[in-house]
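What follows is a structure written as structure tokens; I'll ask about it next.
Residue numbering begins at 1 within each chain, and the chains themselves are lettered A, B, C and D in the order written.
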Amino acid sequence: MNFLSDNAAATCPEVIEAVLAANMATAQAYDGDAWSARLDAAFADFFGAPCSVFAVSSGTAANALSLAAMVPPFGAVVCHSEAHIHVDECGAPEFFTGGAKLLLVDGPHGKLSVERITAGLAAHRGDVHQVQARVLSLTQATECGTVYTPGELAALGANARAQGWRFHLDGARFANALASLGCHPGDISWRAGVDALSFGTIKNGGMSAEAIVLFDRSLADELRFRRKRAGQMPSKGRFNAAQLLAMVETGAALRNAASANAGAARLAQAAPARMLHPVEANEVFAQLGTGGPEKLRALGFNFYDWGDAGSNEARFVIAWDTPAASIDALAAALAAL
Amino acid sequence: MNFLSDNAAATCPEVIEAVLAANMATAQAYDGDAWSARLDAAFADFFGAPCSVFAVSSGTAANALSLAAMVPPFGAVVCHSEAHIHVDECGAPEFFTGGAKLLLVDGPHGKLSVERITAGLAAHRGDVHQVQARVLSLTQATECGTVYTPGELAALGANARAQGWRFHLDGARFANALASLGCHPGDISWRAGVDALSFGTIKNGGMSAEAIVLFDRSLADELRFRRKRAGQMPSKGRFNAAQLLAMVETGAALRNAASANAGAARLAQAAPARMLHPVEANEVFAQLGTGGPEKLRALGFNFYDWGDAGSNEARFVIAWDTPAASIDALAAALAAL
Amino acid sequence: MNFLSDNAAATCPEVIEAVLAANMATAQAYDGDAWSARLDAAFADFFGAPCSVFAVSSGTAANALSLAAMVPPFGAVVCHSEAHIHVDECGAPEFFTGGAKLLLVDGPHGKLSVERITAGLAAHRGDVHQVQARVLSLTQATECGTVYTPGELAALGANARAQGWRFHLDGARFANALASLGCHPGDISWRAGVDALSFGTIKNGGMSAEAIVLFDRSLADELRFRRKRAGQMPSKGRFNAAQLLAMVETGAALRNAASANAGAARLAQAAPARMLHPVEANEVFAQLGTGGPEKLRALGFNFYDWGDAGSNEARFVIAWDTPAASIDALAAALAAL
Amino acid sequence: MNFLSDNAAATCPEVIEAVLAANMATAQAYDGDAWSARLDAAFADFFGAPCSVFAVSSGTAANALSLAAMVPPFGAVVCHSEAHIHVDECGAPEFFTGGAKLLLVDGPHGKLSVERITAGLAAHRGDVHQVQARVLSLTQATECGTVYTPGELAALGANARAQGWRFHLDGARFANALASLGCHPGDISWRAGVDALSFGTIKNGGMSAEAIVLFDRSLADELRFRRKRAGQMPSKGRFNAAQLLAMVETGAALRNAASANAGAARLAQAAPARMLHPVEANEVFAQLGTGGPEKLRALGFNFYDWGDAGSNEARFVIAWDTPAASIDALAAALAAL
């Protein structure tokens, strides 16, 4: 029973069908096809605001290209010290931006607040010897499986604007956050001041496409060239575009995310005292106690150890297609630990 | 009738089936799946030599990542002045290498020779004020639809080695060259001294995956990190790997290419005097004469104008799935011009 | 007798005295000293227009930093195919810009014209597959020892503006051009639309400082960070600033350049038929005929061979301090060849 | 009375005389002069080991170029969280390396130990999602005015070698460390496994030249091109080379450093309880107590506040030429606080 990663999940039927449908007709190369042409409008409908949308092949590309369009090489990105862009992208932001720095700020449960940011940067000087912050990048849902409320994001966005920073959201699990909050997509994106969103689909039932959604459309011209230059403009663009359209137009994004979130909630309820963070999306971080990891593995559960070696912490990720029986089994096992 | 680009073609059945099959099972994320694990062996079988294979999402990424692994920022790449890496990749080689330069050399029909290279670089100095050549990059089949013979490539490879350069091949249409020559894949790759090959599938019936094939496997460790850092390591790697496997394991690569080449040959035979270059792969460059482009377009043919404005030159690309009837019609129209 | 390079010349007394004077007092570090503080005003006086001035340690740094402030990584710089930035800076523009490309245009005697540029870029497309020109960079005096007139520069600047390009001038020998033309410094800089000028002093009697002069002062904030980041902000900035002030405030720049130019003119007059380019600054390019180089070397003259091997072409550079006797001797020898 | 920075100090007579002497003769351009030619041998004498030496114009350039020659863009540099390369160089390491990351480790008094490094990197994984450490960079004397002993450095160097890392030393105040320890220069450089040393002179009585000293001479060819490309190869190289020679050949480096150290020691002895760090070089970090900063400033002392706002911490830097009377006065004032 696989709780390793939502990246291990299958592609959902809506996306598969869209890929097959995109193969039925001859189409123009690159982004000259009917699917690519429809991206902006489809996402504008979904988000309730005009936007420019670019399909890319990975979340790392979505994040790094977005940042590169917003921060100069001599600038900096403010982010959480556990942010995926810092910890898990092998320096992609540094590569795409030409060497901008990440300014790391800590906060509980993977979240930042205006106060945390202000305190974290208090010693950062404005002189020419230090790179200057230009972008705030947050993750929604966070690396700890928590979710920023619309109000929290709005406060962070307002502060970013007041500082003269742009605002980027790493939304590898944006749909999970959305399903968790039950709000409108605009409430945790452009209404909160987000300029650029990495909208993930792959972890959520997609196959090979992620989207960069620019609410600040003035960045689009630049991004177009950066994307091509990064090898992120595929010659048969229709296949990626079709996947993105399927996610937002068929409702698959929300359906899949809601399903995964529900599984995580079930696990949390089974052993609330073991939870290391509030379970607000589709990831569960748990303290298993001495011998716990071994017991669960002996029962056939696959998952990643987390935290320091020997800490007995574990991460369980529930995907859109994780079988209910597996979740039930894990919930029971957690309760029985 | 579409002769614009082989990128406009459909994905062939073998690749579609492979993608669907890859969706049947839960798999590890990134490259931890069974398809990715099989890449090296499958390509080693195909090429008859050990190699390290990496799936990427575009030919531009394949070229630029390969070059970045072989040329330092203060080095240079020797290539044809019409090379795709110079003309059509929006500076991707410069981006991925950290600013290496391309040293351009001319040659007829898109091809270089040892003599051309030697003459073209005669004035290039070895001092610290100039970047030094480190890589030779050729295109096979070339941007003019011609093909290097094994002997020509071997001579160019031997010269590269003698100069201390690595040897890269942009094989966006490698299968077309292979089908044209009827030789063994090794004859126009590692046996000719090629260190890194961008092996194209998308133009040849693929969907969204190209391969970097490293015959110099010492480059693999570095490339692994560069690929991740470039956002070219997708989180569900099995879908791209499955496509690549389908192309080389089912014979689709050669079949598709042979079909496209045959179509091009038919066009060339219909109007041999109009050909601007020998037609050796699946691209046809023709002088249509005054009024020719208009006449063909009036007959329903879509194609790109080529050369200088008003030159009446045109490019026709035949894909694996271009209907025979369309080719017949174009052949007749060319003959009748 | 040394005609190899004006970089081989001594530092002139005005600059030496300024360096010694700058050592008399304790000063703030970096640019916090009285000399650095005076740079903008002194150059504004010299040029007759407000400007922001930055001392750097080489002409390569001046050029590459200027370009980096004006062209994005996905952009391009239009320049002459013999431009120093392309031929002699080991890829510095590519390094500092993050991989922008140079678009090379040819023109006689090292000079470009609007017509040449228009024709040279005719085949360059505006689509996303090609980098787009953002800056025109010219050299004044040129790499062939010729000089653009104010009218020529104004026409080129107007065209650049019409294209939406910035305008950079590599003025490693700007003072030589100025002395040659007898015009006001503004006539061949900001009045012609120049946004950024690399103002050279080292070849002209300076020691270790070149200046970036920004007539578009909106670039200054960015350049300040790029300069620091490039290691071009020395911790005792007063010594470089003092050199630059000495050149423009004491008249040394013009005096030295006029002296060098006069020497070159004398050589040109001695053998006018041998001149490969109009001699308009302090460089003389000559056809020496078979055996000519050997004869001159046997007479004790040191100089660089130029052009292709065996072409019998030579370059003679006259510096501010080249002895009159040496020039007389070379003039006689040239006349006697 | 100026205790702001040793960068505010004058240039010492030995260096001034060397600059003037270098102006007496015509010399080849760039590094073709007699002074540049002598650099390797002079430093080999000083350090007791063969080395390749490059003059550059700032400590930032020395550090960033050294690192760029040792760490690939997808690698990382291990350093102290207060290291100058992280805190005060505006991202120069990231720029020169093409985006390598700095892995920050904490340690008391600005120093790292093998234990600190091991613990600090314990959570860093070896997989492709994270950049891998390739270089250890330490500062000697440290940013806190402390000094690594030969034994400490040797242990850190041995660990670096065991990890497969190169070893870089930021020696902006290397001479101060040397004078403090009274050891042989080799004991805190190549004998401890240092591959590349940024050897500072400017803070220590120099004018405009710092040296990169490569004990791993295999890096020299690459560095030569990187230096040119970075605009750090001045066209009149003799002036910088002459300064470096003067520092190591006349004994000025050690004399100046010893003098500055002695001044710092006097301050430390005057108020030992106020010292925040052991005073082992020429910097004094002191807790001045409430009202202390104001009192000292009222007495005419200039210095930087340090630490958090309101902490009453101060930094005093003693230069080679700080007047004894000023030091006496400050010592008395500190004692009287």
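Convention: a contact is a pair of C-beta atoms (placed from the backbone, for glycine too) under 8 Å apart; a residue touches a chain by one contact, two chains touch by 3 or more.
Just so we're clear, the structure is a prediction, and the values are computed from it rather than from any experiment.
Student: Farthest chain from chain D, going by the mean of C-alpha atoms per chain?
Tutor: For chain D, the chain whose C-alpha mean is farthest off is B.
Student: Shared numbers divided by all numbers used: is that above or below half for chain C and chain D, i.e. same or different?
Tutor: Result for this pair: same.
Student: By the contact definition above, name the pair with the higher C-beta contact count: A-B or A-D.
Tutor: A-B
Student: Report, in whole Å, the distance between the mean C-alpha point of chain A and the mean C-alpha point of chain C.
Tutor: 50
Student: As a quick test, compute the distance in whole Å between the mean CA positions of chain A and chain B.
Tutor: 34
Student: Using Cα averages as centroids, what's the distance between chain A and chain D in whole Å?
Tutor: Taking the mean C-alpha position of each chain, the two centres sit 42 Å apart.
Student: Residue numbers in chain C touching 2 or more other chains?
Tutor: 73-74, 89-91, 95, 98, 128-129, 131, 225, 228-229, 233
Student: If you look only at chain A, which of its residues touch chain D in the complex?
Tutor: Touch residues, chain A against chain D: 73-74, 76, 87-91, 94-95, 97-101, 122-123, 128-131, 308-309.
Student: Touching residues of chain C toward chain A in the complex: what are they?
Tutor: Residue positions touching the partner: 72-74, 98, 128-129, 131-132, 222, 224-229, 233.
Student: Looking at the complex, which residues from chain A come into contact with chain B?
Tutor: By the definition above, chain A touches chain B via 2, 4-5, 7-11, 16, 19-20, 23-30, 56-62, 64-65, 89-92, 95-96, 202-203, 207-208, 225, 228-236, 239-240.
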